[in-house]
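Some structures are shown below for you to check.
Two complexes are shown next, each including subunit A; its partner changes from subunit B in the first to subunit C in the second.
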Partner chain A sequence: MTRREKYDAAQRRRSLVIAASSTALVILALIILVPMAPGWEKVQSSFFNRAVLAKSFPKLLDAFLVNVMIFAWSAPLIGLLGLLIALARDAKSPALFPLRLFGAAFTDIFRGVPVILTVYLIGFGIPGLGLPRPWNSPYIWGSLALILTYSAYVAEIFRSGIDSVHHSQRAAALSLGLSERQVMRDVVLPQAVRNVVPSQMNMLIALQKDVSLLSFIGPVEIFRQAGVFKSLLANFTPYVGAALIFLAVTIPATRYADYLMAKQKRERR
Partner chain B sequence: MAKLALRGVVKRFGEATVCDGIDLDVDAGQMVCLIGASGAGKSTLLRCINLLEPIEDGEIFLDGEDISVPGLDPHPVRARIGMVFQNFNLFPHMTAIENAMLAPRRVHSKTRVDVRGEIESLFTRFGLADRMQNYPDQLSGGQQQRVAIVRALAMRPDVMLFDEITSALDPQLVGEVLDVLLALKAEGMTMLLATHEMGFAREAADKVCFLKDGNVIEEGPPSQIFDAPQHPETQRFLARSK
Partner chain C sequence: MIESLPKRILTMLKFVPITCALAFMSTSAFAAGHCAAGKTLTDGKFTVATGNPAYYPWVLDDAPESGQGFEAAVAYAVAEEMGIAAADVVWVRSSFDEAIQPGAKNFDVNMQQYSITAERDQVVDFSAPYYTAPMAVLVGPGAVDTAPTMAAIKDLKWGAVGTTTAVPKLYSVIQPGSDPLLYGDTADVSAAISANQIDAALFDLPTALFLSAVMIEGSKVIGQFSADSSENPDQFGMLMEEGSVLKACIDDALAALTESGALAAIEAQWLQDSTGVPLIK
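After this line comes the complex of A and B, so read on.
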């Protein structure tokens, strides 16, 4: 070991000890001080009630499967529609001008309106027209509302991905005789999609949370189920339980997206 | 008849005139080098020939056919003209051989099986046999540039354009790329180069054209241009490039 290595190792040990002890101190203080705060018992029984949590948690998990289901069929459709809208907005041929206009209007409208408003308008409005079963299901129209809103955002991300591919790639592909369409399909899009994977991951995480908005139009998903327990048991712990279940999914997913983003940054260097 | 002929080619970017009425002939099997300072219009001229940039005035003839007619479908023309760029511009999401197979498959509607043999032999010929399955970021600059040349050759072009293809390379990698050009010249490929490699131009070119401010100031065999330049601008440029 050189003296520099010895010094660095000692420094590392020292930092580790300091970080560990200061963290332990803070946690200890929280454990001792928080229960001493006035009204803590009330907070604890209302938000962190073990008995209530034990009673509601299994049903909350079941209800979360509804979220997962809605998410699972919406996400691929959002990807597909988002990509089509992005391509429509980049259409160059004059005959396709209406398509371009449609793409622009679509993104403007669905990015400009609050999600909950779209959910109400489509999720309540369309079944309200008196459609026969099963076409009046709020699952269908609620999902459609999410699909439309999220496609608008996803389309914009795809577009930024298309713009991020250097124009020299286009020139190289064109110089080989490829048509505009082939250049887009074989050269630009594969790189564009890869470039925006981390951003799209973040959209998926947002979608996972926004599925809960459908609770307002009927489906008993986790947020609604927690509300039922809250009324039944006059306690807020079920909401905390629901939050924990969301976090169990979203924290790993966010970390993974961050990791992908950092990795991409390294590769671009 | 010249393989490639330019008559009064004018190219403007807004107010700036980058090519100011350029006349140029490249005969079949000739290697012609364009020299001149950065911004003289060499690269732009090559991009115009490949129809990547529309020209404002003049004509460009390939085998006697005017390819600069406004409204002409550029894609089949580009398929006949190979181009290699300064920064390689390989497709980073494809292996070296996929890079080379893409255009024959898409433009000539061939299958991988149809083209693989011919393209593999190109890779082998230019010392890249063990690099075919590598992605561009796994290759050195010299290897990437040779792959880019193979990619252009895979379309069996009539003419090849080279845009300062060694300018982005480390000095020790320049030789392996220039060797490829010599091999192509030996087999009779018609080539037009924009280059800063004066030594190579002197040694290998059939004709050298000195460009300044979008004009061909002087052209002739390398012996004349390098050893007895007539025009004072050429003399000044060459004195600075030594």
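After this line comes the complex of A and C, so read on.
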């Protein structure tokens, strides 16, 4: 070991020790100081109540399956519609100007309106027109509201991905005799999609949480189930239980998105 | 004829208790010795919370200050019983979550058709019940011919307000064939019935009668569950902070109002006659 390496190792050890002790200090302070607050006992019994958690957790898990279900059928449709909107906004031919206009209007409207409003308007409004069952189901129209809103965001991300592919590649492919369509399908899109995977992962995580907004129009998913327990038991612990279940899914997903982003960064270097 | 002096003194003495009583009544709740004195949030004021918005027939036109509507009228009657002038009744708005959150409350009592349950009672205090509410079945235009029997209503597509005691009742008593849909408030349940997403919803009877008469065209209250026969009757109580010092005064006031028949009179005035709704067998 050279002197330089020895010095570096010592520095590393030193910063490790400092980081560990400062973390320990902060955690210790939280553990000691928070319970010293005068309202702690009340807060503990209404937010972190073991008995209530045990009672409500199994049903919360059941209800979470509804979230997973809605997520599972919405996500692919969002990807598809988002891609189509992005392509519509990217249409080059003058004759297709209405398509570009539509794409722009779509993203403007659905990105601009709060998700919950879209869920209400579509979830209660369209079935109110007199559709027969089961076509007026809140699952269908609520999902559509999520799909419309999220595909507006996803389309913009795809568009940035398409823009990130250098123009010279398009020109080169065209000069090789590929049609506009082939250029988009075989040259631009494969790179564009790969470039935006980490950003789209973030959209998936956000979608996973926003599925809960469908509870406003009827489906008893985890947020509504927690609300039912909250009002029956007059205790907020079921919400904490729901949060734990969400975290169990979103933290690994977030870490995975981080990993993808770091990997992409390395590859670009 | 001139009265003899002893007699005049006697006459004066006769009035003493009355004048004293009058003096007591005219002073505000600051008066020492009064039950609610010093026990309210703001001394001399009685702060009552209601919903935002507050619904008919509990509060008329979302204006509890008018004293119109059942719960508004009860609040003013209780205040009067406790010797608090109507002008000293202050109204605030609160959600259910605010009512049960730990920490200081911004109201003395909260009246929003809160059903008294053992679990809730561990977290907050309830007054003696001021109303016993039977649960009733409200059906949309497509299901008005449903017979008021358990077998018939089981097969309907059900909905309810997710924050009410209608939910456990729905699951345990009716046990519907398909999963019920639950909503955030009465207005959303109405929207779902109007959109034909659900056939039926479970409400307390006064709310159901109001919704069918005013809010949802073509809907009908097809039946009620007897409030007394159920093992867990739905009784509305005023919600107070856990360990509220005011509870005893409120309970006394409600007991006095019940005894004098004043409470029944308020009920008769604001809540529709519900005898026309058949019992569900």
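By definition in this document, the second predicted complex is superposed on the first by the 267 of 269 C-alpha atoms of A that agree within 3 Å, B and C clash if a C-alpha of one lies under 4 Å from a C-alpha of the other, contacts with A are read in each partner's own complex, and residues count from 1 in each chain.
Rule of thumb we're sticking to: a residue touches a chain if its C-beta (ideal position, glycine included) is under 8 Å from a C-beta of that chain, and two chains touch if they have at least 3 such contacts.
Just so you know, these numbers come straight off a predicted model, no measurement behind them.
A.B. asks: If subunit A is used to align the two complexes, do subunit B and subunit C fit next to each other or clash?
C.D. replies: On the shared subunit A, the partners fit.
A.B. asks: Specify the partner with more touching residues on subunit A, choosing between subunit B and subunit C.
C.D. replies: Touching more of subunit A: C.
A.B. asks: So, A:K230: does it touch subunit B (first), subunit C (second), both, or neither?
C.D. replies: It touches subunit C, and subunit B stays clear.
A.B. asks: Touching A:A37 in the superposition: subunit B (first), subunit C (second), both, neither?
C.D. replies: A:A37 sits against neither subunit B nor subunit C.
A.B. asks: So, A:P219: does it touch subunit B (first), subunit C (second), both, or neither?
C.D. replies: A:P219 sits against subunit C, while subunit B stays out of touch.
A.B. asks: Which partner does A:A173 reach: the first (subunit B), the second (subunit C), both, or neither?
C.D. replies: Touch status of A:A173: first partner only.
A.B. asks: Using the touch definition from the top, say if A:M1 reaches subunit B (first), subunit C (second), both or neither.
C.D. replies: In the superposed model, A:M1 contacts neither subunit B nor subunit C.
A.B. asks: How many degrees, to the nearest 10, separate the directions from subunit A's C-alpha centre towards those of subunit B and subunit C?
C.D. replies: Taking subunit A as the apex, subunit B and subunit C sit 160 degrees apart.
A.B. asks: How many Å separate the nearest C-alpha atoms of subunit B and subunit C in the overlaid structures?
C.D. replies: Nearest C-alpha atoms of the two chains are 48 Å apart.
A.B. asks: Jot down the residues of subunit A that show up as touching in both complexes, subunit B in one and subunit C in the other.
C.D. replies: none
A.B. asks: Once bound in the complex, which stretches of subunit A touch subunit B?
C.D. replies: 168-169, 171-179, 182, 186-187, 190-191, 194
A.B. asks: Can you tell me which positions in subunit B touch subunit A when the two form their complex?
C.D. replies: Of all residues in subunit B, those touching subunit A are 47, 50, 52, 74-76, 78-83, 85, 87, 89-93, 102-103, 106-107, 148, 151-152, 155.
A.B. asks: Which positions of subunit C touch subunit A when the two form their complex?
C.D. replies: Spelled out, the residues of subunit C in touch with subunit A are 96-97, 100-103, 117, 119-120, 122-124, 157, 159, 162-165, 167-168, 179-184, 188, 191-192, 194-198.
A.B. asks: Can you check the complex and tell me which residues of subunit A touch subunit C?
C.D. replies: Per the touch definition, subunit A meets subunit C at residues 39, 42-43, 45-47, 124, 127-128, 130-131, 133, 136-138, 215-220, 224, 227-228, 230-236.
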